[in-house]
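The chains carry the letters A, B, C and D, assigned in the order they are written, with residues numbered from 1 in each.
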Amino acid sequence: MRNVVVEDAAAAVEGIKDGDTVMMGGFGGAGLPLGVVKAVLDRRVRDLTLISNNAGSTEDDLSLWFEARIVRKIVCSYPRSAKQFAEQYRAGTVELELVPQGTLVERIRAGGAGLGGFLSPVGVGTVFADGKEKIVVDGREFILELPLHADFAFVKGHLADTLGNVTYNKTARNHCAVMATAGRTVAVEVDRVVNVGDLDPEAIVTPCIFVDRVFARSSR
Amino acid sequence: MRNVVVEDAAAAVEGIKDGDTVMMGGFGGAGLPLGVVKAVLDRRVRDLTLISNNAGSTEDDLSLWFEARIVRKIVCSYPRSAKQFAEQYRAGTVELELVPQGTLVERIRAGGAGLGGFLSPVGVGTVFADGKEKIVVDGREFILELPLHADFAFVKGHLADTLGNVTYNKTARNHCAVMATAGRTVAVEVDRVVNVGDLDPEAIVTPCIFVDRVFARSSR
Amino acid sequence: MIPLSRDALARMVALHLPQEGFVNLGIGAPTHVADYLPEGSGVILHSENGVLNVGPKPAAGEEDWDLINAGKMPISLRTGGSYFDSSLSFAMMRGGHLDVAVLGAFQVSKAGDLANWTTGDNGSPPGIGGAIDLAVGAKSIWVMMDHTTKDGRSRIVERCGYPLTARGVVTRIFTNLCIIEVTEDGLAVRALLDGLAIEALRDRTEAPLRVMGDSLTITQDGSVA
Amino acid sequence: MIPLSRDALARMVALHLPQEGFVNLGIGAPTHVADYLPEGSGVILHSENGVLNVGPKPAAGEEDWDLINAGKMPISLRTGGSYFDSSLSFAMMRGGHLDVAVLGAFQVSKAGDLANWTTGDNGSPPGIGGAIDLAVGAKSIWVMMDHTTKDGRSRIVERCGYPLTARGVVTRIFTNLCIIEVTEDGLAVRALLDGLAIEALRDRTEAPLRVMGDSLTITQDGSVA
């Protein structure tokens, strides 16, 4: 039977390479796969394109990636309160694509769902419309927004069974559920791996078809 | 405290009028709010635009609406094995807009999510592309598909609390969850109404913000 | 005349929220409106990171960092609450399912244009978050802010000088001096702080103001009568 | 030479499905493939109405009409299965998450064009369902059909005469006479029914066929060696 459980974070990030595009789940610390953050650092990759709602803070989080200068570009909605990112942003050593949060989520969803894009009312008449195609439907103007894909999507779940079905914990679900549909390789860091059959079929949020790797967060 | 429970199907369809657009949940019989089917018939409305995956069969289902000739147009993916609909289709007394099922669902979702449309790869090079705008992104051709909205969305849930939070039963979830986001008035027929607090916050599929009316299916 | 305190301003907004309405309080100052919801208001609070029926801040030591609001502050869940992913959360916002969003602002124009995400200055990285989705999607957009900047310049302007969040979306402005409705005929004062003359308000306001016929008086605790 | 029975054809397809693959069996005849999955294949079946890990038909009297497949027939759920709404289900399909979709067809062209939703005749209402989403989205599209129509015309054609479902999507064709790969250089016979000469197959096939160097033989029970 299918079994996607891998030993640890290092195994979960196997294959990541310079220049890859990486989605990282989380809204603040909730939903951020912290074991993955460190395992990617250990791989000493460079020039990543990072798709994430935030850019870390001053803590033990994505700020480590900016400190280590492994991110070339971030696609993000709210890179505030992020000391290390801000320093590099001011120095011009990292590129920022600022995307309204709902548009960010929807672009990721479009990538996972095989859509070519969508028409958004968000940003019309603002700088967020600059350089984008405008399409008028029934007299109302929309912006054409394009899908986002990634080589890897890393998210934090609550429970996963060995097949790869995943549940989330409270507001840690946030961007994780959508990102889990949009990575070529999807790896989920969970609090606990359970047996097949332990999860309620009605309450599984990410069905196993989307999931390639699962590992239990180390208790260290 | 908010309480959206109404007495019966008749109360759930209150306000429906000639010419309205109505979404009906269900894939076959699963997810079809049968009490609503009959209550709408009792209202003697006419000229409805019906958005539904199917057009009934030969049973006690949406075929009753075609028998009673209250549908002017149906937007549908699979109106097969539908005797009463087929008769009227052949007679030219009902209009059919045939939509691939995934596109149908996505158009409903776009309506509920406030999007102006989306770019679909489905139907390119087929009759389903006829008359629709084509948009090329990165050298690949897509069809611009437009959102669907409705005056009423009627779906079948499993449990609802009095606030209007809803769960579904097995494959009866189908189109119901998306339709529940896209009606100006959303009414849910459920097996049982439960107290606030009885539903697991992690397992609620349709949060109460989308739901205007809930009623328990009669056991008759 | 003493301008309303932050607490009184939050209370004034809270008293205006529709009974049993679905409301998003953005981040920062507007989130304090939650502390002043009248008993039995039935208001249901949404937070954009995927939660409906937000409850009060947990007691110290009881925080669950998987249960936070859009400002990344620990919250609790009220009975009847639900969790969902960001995609459904923004469908609620963009799709017009929220009755009211209460947002902070740097500037609001006489046409209801909103500027609340960046002052465009300096080299700090900008952040937009979900403010723009709320501004475009909620049925009513209320702004809650100080009437003037710290150095006395009007935040209610002819035309926003800061980068826009959305055009023509604000329907009502609550400041520490007054309540203003944004109408097709421009800005109309609905309520004025007790002891403040309309001319004194106009002095502090760049955009033209008219006074509604049945305008009300705001007392120091944020009550309006 | 007796063409493969429907059961043997279903078995032949089942034996080719990738170990632990995610597979959709469409509606109608292809759904019988499920009955011939080898023990321990680990194949996980998807049905478009919102279920993953579809199990066998329940015993008579045990049917649950809220638990059906895309053909509206009662099914069961295997351990580890999940339910989801149609939006996520079609994201799986359109988004390229299924390894294989096995579909019936009226015609397949030498370029892999698929016609499987209508013969375009008469006044019957057409239905498209989810066939087109599968055809566009699954990583591999396999067709399973009789090689010819009841009156002996080839279903494998130069160019589809019936309305298309999708262009250039079919990767492999399983018929009651052979297995054909759709390649950039046209159609290639990978396996041929025991006792059937390639020329006899060509007589029954409108599109040109070449034979792969290592072509195999199909026995009457659907085994290939």
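Note that in this section contacts are C-beta pairs under 8 Å (C-beta built on N, C-alpha and C of every residue); 3 or more make two chains touch, one makes a residue touch a chain.
Since we're looking at a predicted model, the values are computed, not measured.
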Chain labels contacting chain B and also chain C: A
Separation of chain A from chain C, taking each centre as the mean of its C-alpha atoms, in whole Å: 30
Mean-CA-position distance for chain B and chain A (Å): 32
Chain centre separation (chain C, chain D; CA means) in Å: 56
Touching two or more other chains - residue numbers and ranges from chain D: 77, 83-84, 90, 93-94, 136-137
Residues of chain A whose C-beta touches two or more other chains: 106, 109, 113-115, 120-121, 168, 170, 201-202
Touch-based graph of the chains, sorted into line, ring, star, complete or other: other
Touching chain combinations (by label order): A-B, A-C, A-D, B-C, B-D
Chain D-touching residues of chain B, taken from the complex the two chains share: 27-31, 53, 55, 77-80, 82, 85-86, 89-90, 96, 98-103, 105-106, 109, 120-128, 168-178, 205
Complex interface listing, chain A residues touching chain B: 106, 110, 113-121, 135, 137, 140, 142, 144, 146, 167-168, 170, 200-203
Chain D - residues contacting chain B, complex: 47-51, 64-70, 72, 77, 83-87, 90, 93-94, 123-130, 132-133, 136-137, 163-167
In the complex, chain C residues that touch chain B: 20, 22, 40, 42, 44, 46, 52, 77, 79-84, 88, 90-98, 136-137
Residues of chain B touching chain C in the complex: 1-2, 109, 111-115, 161, 163, 165, 181, 196-197, 199, 201-202, 204, 207-210
